Amino acid sequence: MVDISLIAMATGFVLILIGLYGALTNGNLLRMIVAFTVADAGVNLVLVSVGYMRGRTAPILDSAVPAAEAVARIIDPVPQALVLTAIVIGLGVTALMLAYAYRLYEAKGTLDIAKFSELKW
Amino acid sequence: MKVELESRIVEGPEVVGVEPALDLQGKALPAVQPGAYSRTVTLMPRAELERRMVKGPDGVEFEVEPLRDYYCEAGPTVMPAAYLKIVEDLFNWARSRSIWILGFGTGCGAIEMRPLMTPRFDAYRFGIQWRPTPRQANLFVISGYLSVKTLKRAIRCYEQMQNPKYVVGLGSCTINGGMYWDSYNTIKRLDDYLPVDVYIAGCMPRPEALLQGFEDLKKLIRAGKAEGANQYAERFDWYKANQKQIIHDWDMPDYNW
Amino acid sequence: MPFDWMKIPYALLTLFIVFNFGMLLNALIQKIGARVGRRYGVPIWQNYADLIKNYGLRSSITHGVMYYLGPVFRLTGGVGLLLFVPTIYGSEMFSNLSFAGDLILALYFVFFGTLGMALGAGESGHPNAAIGITRGLSQVTAAELPFALAVFSVALQYQTFSITDIVAVQQAGFTSWTLFTNPLAVAAAMLSFLGSMMRPPFDVVLAPQEIPIGPPTEYHSSYLALMQTNRAIFPIAKIVLYMSLFFGGAASWPVFFLKVFAIYMVSVLVGVAFPRFRVEQSIRWFLIWAVPLGVLSIVLV
Amino acid sequence: MRELYARLKERCALGELTQQRPNLGFVTLPREQLRQALTHLRDSEGYTHLVLLTAVDWLEDGQFQLTYLLSHRTQGRDFGLRVLIPRMDAEMDSIHDLWPTAATYQRELREMFGIQFPGSPGVNDDFILEGWTGMPPYRRDFDTKRFSEENYNHRPGRETRDPTTYMKQQLYPGGL
Amino acid sequence: MVSALYILAAALGAAFLLGLLREERRGLAYGLTLAALGFMTWVSATWVWAFATTALPPVEIFTAGTPPPFAINLRMGMGEAALTLLVNLVGLASALYLKETLLQLGRRAMAVLLIAIMALAGLILTRDLFNLFVFMELMAISTAGLILLSADSRALGAGFKYLIVSQVVSVLLLIGIIFAYHVTGTLNIDGMAQAPALLATGIGAIAAFLILIALIAELKPFPANGWALDIYESAHPAYGAIFSAASGAAVIFAVDKVLPIGGAAWLPVATGVGIATFLFSNLLALPQTNDRRLLGYSSVGQIGLVLAVVGQRDVLGEAYGFIAFGLLVSNAVAKAGLFWLSGTIEQRGLTAWAVLRQRPLALFAFVTFLCVLVGLPPFPGFYAKWELARLLAGEGRMALLAAILLGTLIEAGYLFRWFGYAIKREPEAAAEGPRMQGAGLATGWNRALPIAAALVAAWGLGFLWGDLSGRGNLLLALPLLFALAFLVLDWLPAWVKNTLAIGGLTGFFLLTWQEYDPLRLIFAAIFLIGGSVILLASYETKGRRIGFYPSAMLMYAGLVMLIRATDAFGFFAAWELLTLGSYFLILRGKHSEPHALSYILFSLGGAFAILAGFALAGQGAVHLPLDGLAKVAEPLAPWVFVLLALGFMTKTASVGVHIWLPGAHAEAETDVSPMVSGILLKAGLYGFLVLLMSMGSQRLHGVELTHVLLWIGALSALVGNLMAVFQEDAKRLLAYSSIGQMGYALFGLALMNHLGWLMAIMFIINHYVYKSMLFLSVGGVAKRTGTRDMYRMGGLVKLMPLSFIAVLIGIIAISGVPPLSGFGGRWITYNALLDSEVRLPIVILFLAGPIAFLYLFRLIHTVFLGQLKDEHRRIKEAPFWIVLPQMIYVAVLLVVAVVPGLVLRHVDNYLDRFFPQGGLEWTGTVISSNYGYWNPISIMVIVGVIFATLFAWLLFVNRRAQPVKQFNIVFSGERPFRPETTHFAWNFFAPYRKALGFLTTPLATRFWEGITDLLHNAGDLVRRLYTGNGQTYAYHLLAFVVAVYLIRLGA
């Protein structure tokens, strides 16, 4: 039986590739942002899947998982922490990109990335 | 009348009444002449000899007067012979043995000078040779007719030769105009303009005649009688007046050093 | 070093002999040229008459200081060159002032007169003078090269720059002349000699009809006389150099006269037979024909 | 030559053809058509060389006759165009733009005949006569003898002999 | 000491506080921002001070109270402290610089700025990989925010492109981090580095690859760096400063930290990527016309260079920090300064920087930054480069060294071209009416202050690096200090400075002359006393002559330091100093901009060859005494010889590398031409002397290298002389003649025998004297006539007799005609030739000899003889101060002509040390060799007597001569028309051109032009890669990643 973490990881990578492919092939700013969001999701999925251990529980120390047993019962908490941070950061970046896209559209009335190439060479 | 660019000739519209002219046979030409010449020409000084204002590299303007600034203004002086008679005799001997002719053929007579260099006549054996520059020559052979235009050059060349210097007039044209006696443009008497030592008559004189003429010149030199240069200096004003009488556009200093 | 004052009259004696020899020789050369053209030619004393006449001219002009000094430079160059080279081998009397320097001094002193003359002619302001000088200088750069190479080859051969020493080696006999021991160098030098004698085919510098005799076109009277004096001395002085380096030198005056005459005749013979080269033609001629000989001579020596 | 004349006649109003030699002909034409004819001859007929440009003074008719002589180099033919212009205030169009050498001829004609060529380069510069102010000497109403007598010193005693009689006397003193 | 954590805390806290403030309280907000940045700066400064003064070990900071891997830890060490100080300082200064913008945009912008600085500091401090990622994302976000500070609307696009790239990078980084963590079980960088085996294979290797490539991608490697260039071009210059100086430094430090986890295999990758980036960025910068984009290319390149150095850490050992930091701070200081400067300039073209001419101090800052960037002494980059070269050569990594030097040369090319524009060109926008003072410049104290700070920092760091180098601080060298003092004294009138300068030069000579051996004494005398004599002519210039004295004295300082140098470092430093000084001097000429550029390029190229040569010779040894060159062993020695000789040849302008000289010498000012010709050229000969003295002759592939030099010398003599013949410009003629003369001297040295060297020395002395004299004389004439074209002059002999005498004497001396001193040179030459085995080059030398006559005669004839022109009729003699040195030279030439032994005898004796055979004999007045003899006094007397006698005779015969004027010449019966048409001067040697003109085909010029065109066109072509499309940039990035991966696989 295939490990769920592997499935998750594979899905994650597929998402990343889809995301990157989308970002690299779509000229529309919004589509690119969406594509990057997809890729971000994929990354996050991979992150989580790496930290996953079969049969263990979330690394939340509460009554269900006393601190003393934590090491044996919870999954690796670090990726969890990382993924949380990464999600936050991804959110920030996505928001910033959207803001940029908005202002770019305001400036030129288009969302085509190829139109924003005054700076070159 | 329109003045051409850079032209030194200004033409006026004045109509001159023309007297009845004679043609070459002496017959009177028709009195009423359709299309008589109706222009007069005023001579202007040559542009390059005119005074001009010039700006120096430092921005200061000043006047340049070419005839004064570019030419020596001094006149010719009579040059005394050597103090010692014996030295002057030696010099006269050397002068007579070393006659350097200016290579300037003024007219058709120049063609008779060429044979002198050939084996047939070989003037070199008499100490005669040709120099390309008046500075080094001391004999000026006016070889034939002299047009007014050439006279100007001849005067310059003569004045640029060094004292003592000799002039030989070659052919009838230099004596009385010869076959050009009625020409509007050749001089008739060379000795009005330059001090002539020897005339060689003929039209043309043969090389033998030339050699004979040179021998006569040598005798004059040896005898100390060929003082044309000093004569020119002495009677400079007379010569100059004669020259200027026919050279209307005198465009050089009075004496060309 | 104590100076031997007797050298001065001796040197003047040499000068006197060479001057008269040169005057006569020049006339003789003219006469030979005339005879080639089936003319009678000038009298043998013609040059004296010309010289006296020019000194005796009453008037002269001057264009400025350098113009005035030009002929002085020229004649100083000639006289100096003559006196810096020992004329007669083995004779204390006619070793002149050669104590001042060796072959190289003579080689470079040649230019002294040229330079002064060029400056003097330049100050005359006459364009033909400048044109003549440019031609002369241009030609000299190519014409002197084979000579310089030949001289160097000879110096290499004898391992000395002392003219006396070079002559001494050649005095051993007819076959020890450089002409036979180093023929390539002599050939190069003699070709160069043609170029330096201002005779056809290398006389475009003077070109009387084209640029009325070029550099001296403004010179006359006593200036010209000084230059004529130089014309009697300078070629001889130069030939003395050739004679000493290549043709065994001269141990006595008769040999001297003979050899100088013979060497001079080389340029005359060529001169009467060939028409004039343009400057660039003569430069190419020297570079193509004479320089390789010189190069070979220093490589093979 | 006839063909040439015929061809030229199609373009310009020509006078009669005067054929002096098989390879030399002259024709007179109006002044206005000269340039056209010259251009045609030069560019289409091969008469590329301007041999000379000269003038004849027809004093009695009050006209100058200008002759433009052209040459065909390869065929060895010459063709002259003649133009008559009035003597009074004589003026002619310059053709220095067709043949640069024409400028020199025109300069000479200006000096010797007083014919003006406006626009020709240097046409008013001295050519032979430096400082000449009077009537141009080649005009037939110019009296050269009188000019000479008035302007130059003459050496007295000059005789004029008729060469034929003089030589007869010299060679055959006894008479024939 | 305050914990380093407060750096981050202060920024964060202030950013939060800013959020609490009301929008209107902008002044307060701005004060708060400045305070926070000031505090951060202070903290890092205290740390730097602590590390610098005490042997403090690096301090670890555990954020959660536990050591890693259980918590994030930070580290504060010397490097971290210094870099945070740098980042904070740049941040503070930029905040100051941005005053108007920040006040206008309000607290949010300030908060973003604080966050950006905090992120950079964090990037430097953290030792945790994920934390690193977080800081990088913070940096990205804040960067994207700060880009919007710009008024340039195009910045929006640039920001978005950046975000795209940073998204890709973050994907790569995150995946890498998580798998690295997965493999090693830790996120601590040091922890990972300690488990290299885990990261060497399989997933670990890929993880390490992803981490490193992501970080490297942040460094803007070629070609994945189009986005960065767009940012540089469009962002606010203050942000450009941060982006270049701070971000670059922080990320490169991060890479340096993380690199160990990849293991040693990653070092070559870093080097490769770095050097490729360095080379290509500089290449692509060549065709740039936008100043900020140019700076961007340069920044990218410099970071690439540091990355390459990072990759070489394995061989650099202890010097690693010194080198890497040296390069890093050089770039940081210079770029920050330049970006700030660019903010004061309104137009964007390179020529727009000409407005800086209105502010000498700003101009000084500009040139300082350029020198810092190129790594010229006395700045840190110079020391760093020296050490780098030394160590690289010691390890045999010559290819890398060559690449670095080539890149630097290209960089110097476009930077100095830019400087030339700024000094010489008119600003492009000059069309709109008269220019106002300060037009095109936006200044203010808040802008000036950061620039001034960068300026001070540049010099301070120069001093610091000099101290750290352990080689003697250049900034403490007396000559250099003397030269720099003139910077401070520049407000004085010129004559005061001139007196000071002359006093300084002569004084220094008097103080030190006993320390030199005879050879060096000659050079010292030429440099110092000779320099003083030429400086006499400088009294002629009135006013203050801003910039002249510092430049001139810098050159003299370099020259003096050159002869005083005992080791390779000192020699090289002096070489660069004199090059720099002379470059500024040459640049002062009216039309000298392109020539000065080619001069500095050839000189720097030569200098780099010298650097490489010394490095190769030293084989990594810390100190290389100059005479240590003699000990260099066989396989290396010839290469060292070739490199050094190449370097020196650029200075002596030997054929092939001579093309800079004519323009540079001809276009220089009147008194500068003799300096750069008579004096500066001798530096190259001195180099050759040192080289040949210590290394002797070497064989490479069986070719005797001195023979090659012989040929080069002879060909230089020929080509120089021949080119001189065809010049119309008097000063160009003299300049070409210098090439020829230097050829002679080189030939003499390369003969490698006693007399050959003596000849070279003679040429060195003579050339100094007569070339200085001629340049002054011609300069004086040019000053009076207002032209340098000889055909426009003529007939000046009567009006300028003294100048004429100088030229006359000079000509006789050069041409070697007895009795003047030139003859001695020829005499020795012939004897030297006879002494040697050389044959064929002699032919060329002999051919060159008489050609000198041609140009010399042309010089004197067309200027002084012939026909005087209308407009020159009232010309006066050259000014007194220009004539005075000429007369001194005339006297010297006459004295040397009569008693050459005065100098030569000592040199002759001294040379016995090197060549015991073949010296000269000095008996009484006679000088004799093995082959001949020569008596200068006799010659002088004999020639004098003959001349005087004949002159007297002529005077007697010719006493009645009539002086005439210039048109009284026989002119074939005609009268000269005008002087212009009578003066034969133009194309003077037309027949010679017909015969030998083909030899003057400018092959060398074509060759070098071909190379520069090739570089330029290549740069122009390659930069089309950057299409401006953000997506393309992402492709570039992926392609870069894949390419590096494949290369890694292949390796």
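So that you can tell them apart, the chains are marked A, B, C, D and E in the order they are listed, and the count of residues begins at 1 in each.
Following the convention adopted for this analysis, contacts are C-beta pairs under 8 Å (C-beta built on N, C-alpha and C of every residue); 3 or more make two chains touch, one makes a residue touch a chain.
If you're wondering where the values come from, they're calculated on a predicted model, not measured in any experiment.
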Query raised in the report: Hey, what chains does chain B share as contacts with chain D?
Result: none
Query - Shortest walk length in steps over touching chains, chain A through to chain D - result: 3
Report summary line: Shared touching partners of chain B and chain E are C
**Report entry** Furthest chain, CA centroid comparison against chain C
**Finding:** A
Report summary line: In terms of CA centroids, furthest away from chain D sits chain A
**Report entry** Pair joined by more contacting C-beta pairs (B-C or A-E)
**Finding:** A-E
**Report entry** Whole-Å separation of chain centres (CA-atom averages), chain A against chain C
**Finding:** 100
Query raised in the report: Can you give the whole-Å distance between the Cα centres of chain C and chain D?
Result: 58
**Report entry** Centroid spacing, where centroids are CA-atom means, of chain C and chain E in whole angstrom
**Finding:** 54
Report summary line: Multi-chain touching residues of chain C, meaning two or more other chains, are 58-61, 212, 217-218, 221
**Report entry** Contact pairs between chains, per stated definition
**Finding:** A-E, B-C, B-D, B-E, C-E
**Report entry** List of chain C residues in touch with chain E within their complex
**Finding:** 1, 55, 58-66, 68-69, 71-73, 75-76, 79-80, 83-84, 97, 99-105, 108-109, 111-112, 115, 118-119, 122-127, 130-131, 133-135, 137-138, 140-142, 144-145, 148-149, 152, 155-156, 159-162, 212, 217-218, 221-223, 225-226, 278-280, 283-284, 291, 294-295, 298-299
Query - chain A - residues contacting chain E, complex - result: 16, 19-20, 23-24, 27, 29, 32, 36, 39-40, 43, 46-47, 50-51, 78-79, 82, 85-86, 89, 92-93, 96-97, 100-101, 103-104, 107, 113-114, 116-121
Report summary line: So, in the complex, the side of chain E touching chain B is made of residues 784-787, 870-875, 960, 962-968, 970, 973-979
Report task. State the interface residues of chain B toward chain C in the complex, per the touch definition above. Result -> 72, 79-82, 87, 90-91, 93-95, 97-98, 100, 103, 118-119, 122, 124-125, 127, 131-133, 135-136, 138, 162-164, 229, 257
Report summary line: chain B residues touching chain D in their complex are 2, 4, 6-9, 18, 21-24, 29-30, 33-43, 147-149, 152, 175-177, 181-185, 187-189, 192, 242, 246-249
